Amino acid sequence: MPEIIGAEALSVELGAKRGLLKNRPGVTAVDGVSISVNEGETFGIVGESGCGKTTLARTLLGLQRESAGRITLQGADVSRSGRVGREAVQYVHQDPGAALDPWWRVGATLAEGLKIHGVADSAERQARIRDMLAAVGLDPALAERYPHELSGGQQRRVGLARILLLRPRVVILDEPTAGLDLSVQAAVLRLLRDMREKFGLTYLFISHDLSVVRRVCDRVAVMYLGRVVEEGSAAELFAAPRHPYTRALLAAAPRLDGAETGPALPGDPPSLRAVPSGCRFHPRCGLATPECATRDPVPETAGPGHSVACHRWRDAA
Amino acid sequence: MTALRHIFRDPVAALGLLIVLAAVVIAIFAPWLAPYPDDAFESHLLQRLRPPSAEFPFGTDNLGRDILSRVILGTRSAITVALSVVLAAMAIGVPIGLAAGWREGWLSEVLMRVTDVFLAVPQLILALALGQLIAPGIGAAMVALSLTYWPFFARTVFAETRRLRGALFVDALAGIGAGPARILFLHVLPNAAPAILVRATIGMGFTILTAAILGFLGVGAAPPSPDWGLAVSEARQHLPEAWWFPTFPGLAILLLVLGFNLLGDGLRDAADPRLRRSRR
Amino acid sequence: MLQVEGLDVQIRSERGTAQILQDVSFAIPRGGTMGIVGESGCGKSTLLRSILGIMPKGAETPRGAILFDGQDILTDRAASARGRIGFVPQDPYLSLNPVFRAGDQILEIMRRHAPGSRADHKRKIVELFRAVQLPDPEGALRKYPHQFSGGQRQRLLIAAALACDPALVVADEPTTALDVTTQREILALLRRLVAERGLSLLFVTHDFGVLASVCESVTVLYAGRVAETGPTRQVLDDPRHPYTRMLLACHPDRSADLSGIPGTVPAATAQPPGCRFHPRCPIARPDCATAPPPLVALPGGRAVACPHFETPLPENALA
């Protein structure tokens, strides 16, 4: 399958302020990340809060400017173009209710995207909205409601419908199951899967919930402090994680049998303002050697389509 | 209209709304409501300074004019002046607040510093100066009030725009390719409307009070217009005998300013996002 | 230690009267750990607020009883419960006042509820900070909340909950706002503190995995009623109520495909008659819609509110 969206040595600086009187340096939230997402797959990006996964997604979308590196979309270089030329990529927010303007009816919100994208004919807009609401499993009559009159699940579906109306090729899903109960999570994930098949979509699936990622993603990249530390097929990455951080992350998820596997990961991730030297993970890593504190690891091949950025991954097994 | 329902549940705010509505009705129908609408501007020296009676419920002034009629006609001028000033201030302040709030950078800084400068200008002194510069009168007073009140709108809208700029739905709009004009005028402005409305309501009360002060000082409305501040000023020479002469125009000022302030406070509570969240 | 008996809570709002809790009963022995588990809308937050004595706006006078150390704290708030129930809130980012120093915020609580001088209190807090493994316990007193990470703030809040030597600690999803690696550490800390200090713990969560790692026994709530209660291991390994059975069956540890329970949790203002789960239940019978099923006691300290708990679920129960 060909690549549909990719990044090469992408870096993003956040929080730099240029004021009239004061300048403030920013932090590098994404630091030299390369990923390649193939058409039709669901590509997961996992990591703890502050690892840069949302920043990476917003940069691919064009809402955040990259400070270095290259972004390609459907074979074309779209680096530094902002949102222009990236209509094929769309973003579904984590909080579906807050992403809707509270003063606008659902129908008007849905129609707005079509207007922006040049669908001038009102009858056509209405027809497409009706079809799309039905496609995401909502009653078209909901178009008359205000966002606060919808349930959380309905808001989520409206948020998805709004994006799908724009006929994207790549959809970035930011924590699509955050705050959802277990019993209804499956319905949302199934809807996402059905939409992917129906509209031929590619998903970039950002989540900190590993059990969800394991079930829906084809390939996964694990991020830590602005870097991708491990990448591979979901099956292989979950069955045989190579990076000590990935292992700790997998072990930390509480299990129904109450058993704890593997050692706990002590401490908190360091601040982006004080990134450790060498391997960024070494201060929390049980396998760290003096070399890890000085030399930055580069991604090594650990199997077919599986790469890991660790000096000691061979010893981790 | 949840805001309206909220107002009715708050007795103090409901009282404010009642006063304001009554004043608006009086202002609109003033010529029909006033007992002596035509005589209000003519002097009748034979009946000057009569105490309140069945014929003249509020008494008559130093030129023998019916004070009730002049208070009623004064309502119209007070509300017209305040409304014009608030609308003019809004026309200047809202766009500036939107522009300064939307993007951080030198333009935003310059706009807000200019706003601060105007905020520091004392109203009465500017009105006096403008009166000297142009012609003293209600026109100069209105210009001065508009020039000193717009920064309040600019600050309110600036704060709201800064808040909304970070809202997820604005981000989502940028995500689907909406331009800044669309986001600002179709989304940010309606969401900022409650705050602007609160500011405007309080501004009405404030402007009525300041216009009355200017009238009292002689740099606002000029005789023979039925201005409340002017009437209080004219009445000074006839105190303490003609107590009714300053009392009723003064009460009118007090009541209407109070009404607008109570309503403004009630609206502010109704528009409080914390209350909005708890209602959900 | 804590006994909740037949607790009913109703909240009046513009949309009608909502039955948030109905006939909720359970007990925590001294030194016991009880998990309250359920999905959003099951009433677990209201239950917790009732125990803490902070009833939500519009709540009618609740019926039933909450006995703490033998005293009814539902009707008599002035009772000695104040300060003797420690509370660990859900969101460590919102639960600390950003303009006050960490030490001062805890001192304020102790000043009201604990005897002793300010110096005694300070010593106690430093000792607690050490117990919750905050780095630099003395220095932490003078720090502001933003100077701590999310995990450290939760440790801080646990220390605050322990400040007045409570006999019972109530925790409201204390790890949902945290990353999994931090969650693991906080859960380990809670387990250790409960064991070392002989505390009773009431732990509200929606995550069965978290429940399994902390609580000895569990009460499963559905739509404001107790569905099932018993020792955690037994309930998780052999659930009896159809809701618990289905919910556990779609847990990612037990199901590889995307399955969930059909339908949605009913709105609190429109609860179905009879058993509240019956519209979603694959083994519901006509009588399920008429009267709420009572809690039936089972051997091993278990109880289940379903007369058909032995009926197997059909193959296609999950969707």
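We call the chains A, B and C, going by the order they appear; numbering starts again at 1 in every chain.
By our rule, a residue touches a chain if its C-beta (ideal position, glycine included) is under 8 Å from a C-beta of that chain, and two chains touch if they have at least 3 such contacts.
These figures come from a predicted structure and were not determined experimentally.
Chains A-C form the pair joined by the most contacting C-beta pairs.
Using mean Cα coordinates as chain centres, the one most removed from chain A is B. Computed from the mean C-alpha positions, the centre of chain A lies at a distance of 51 Å from the centre of chain B. The geometric centre of chain A is 31 Å away from that of chain C, both derived from CA atoms.
Touching chain A in their complex are the following residues of chain C: 39-40, 149-152, 179-185, 187-188, 206-210, 212-213, 232-233, 236, 246-248, 250-254, 256-261, 264-265, 318-319.
Those residues of chain A whose C-beta lies close enough to touch chain B in the complex are 17-20, 61, 63, 83, 87, 90-91, 93, 95, 98-104, 112-113, 116-117, 148, 159, 162-163, 166.
Those residues of chain B lying in contact with chain A across their complex are 104-106, 109-110, 167-169, 171-179, 182, 187, 190-191, 280. Across the complex, chain A meets chain C through its residues 48-49, 151, 153, 181-187, 189-190, 193, 208, 210-212, 214-216, 248-249, 252-258, 260, 264-266, 268.
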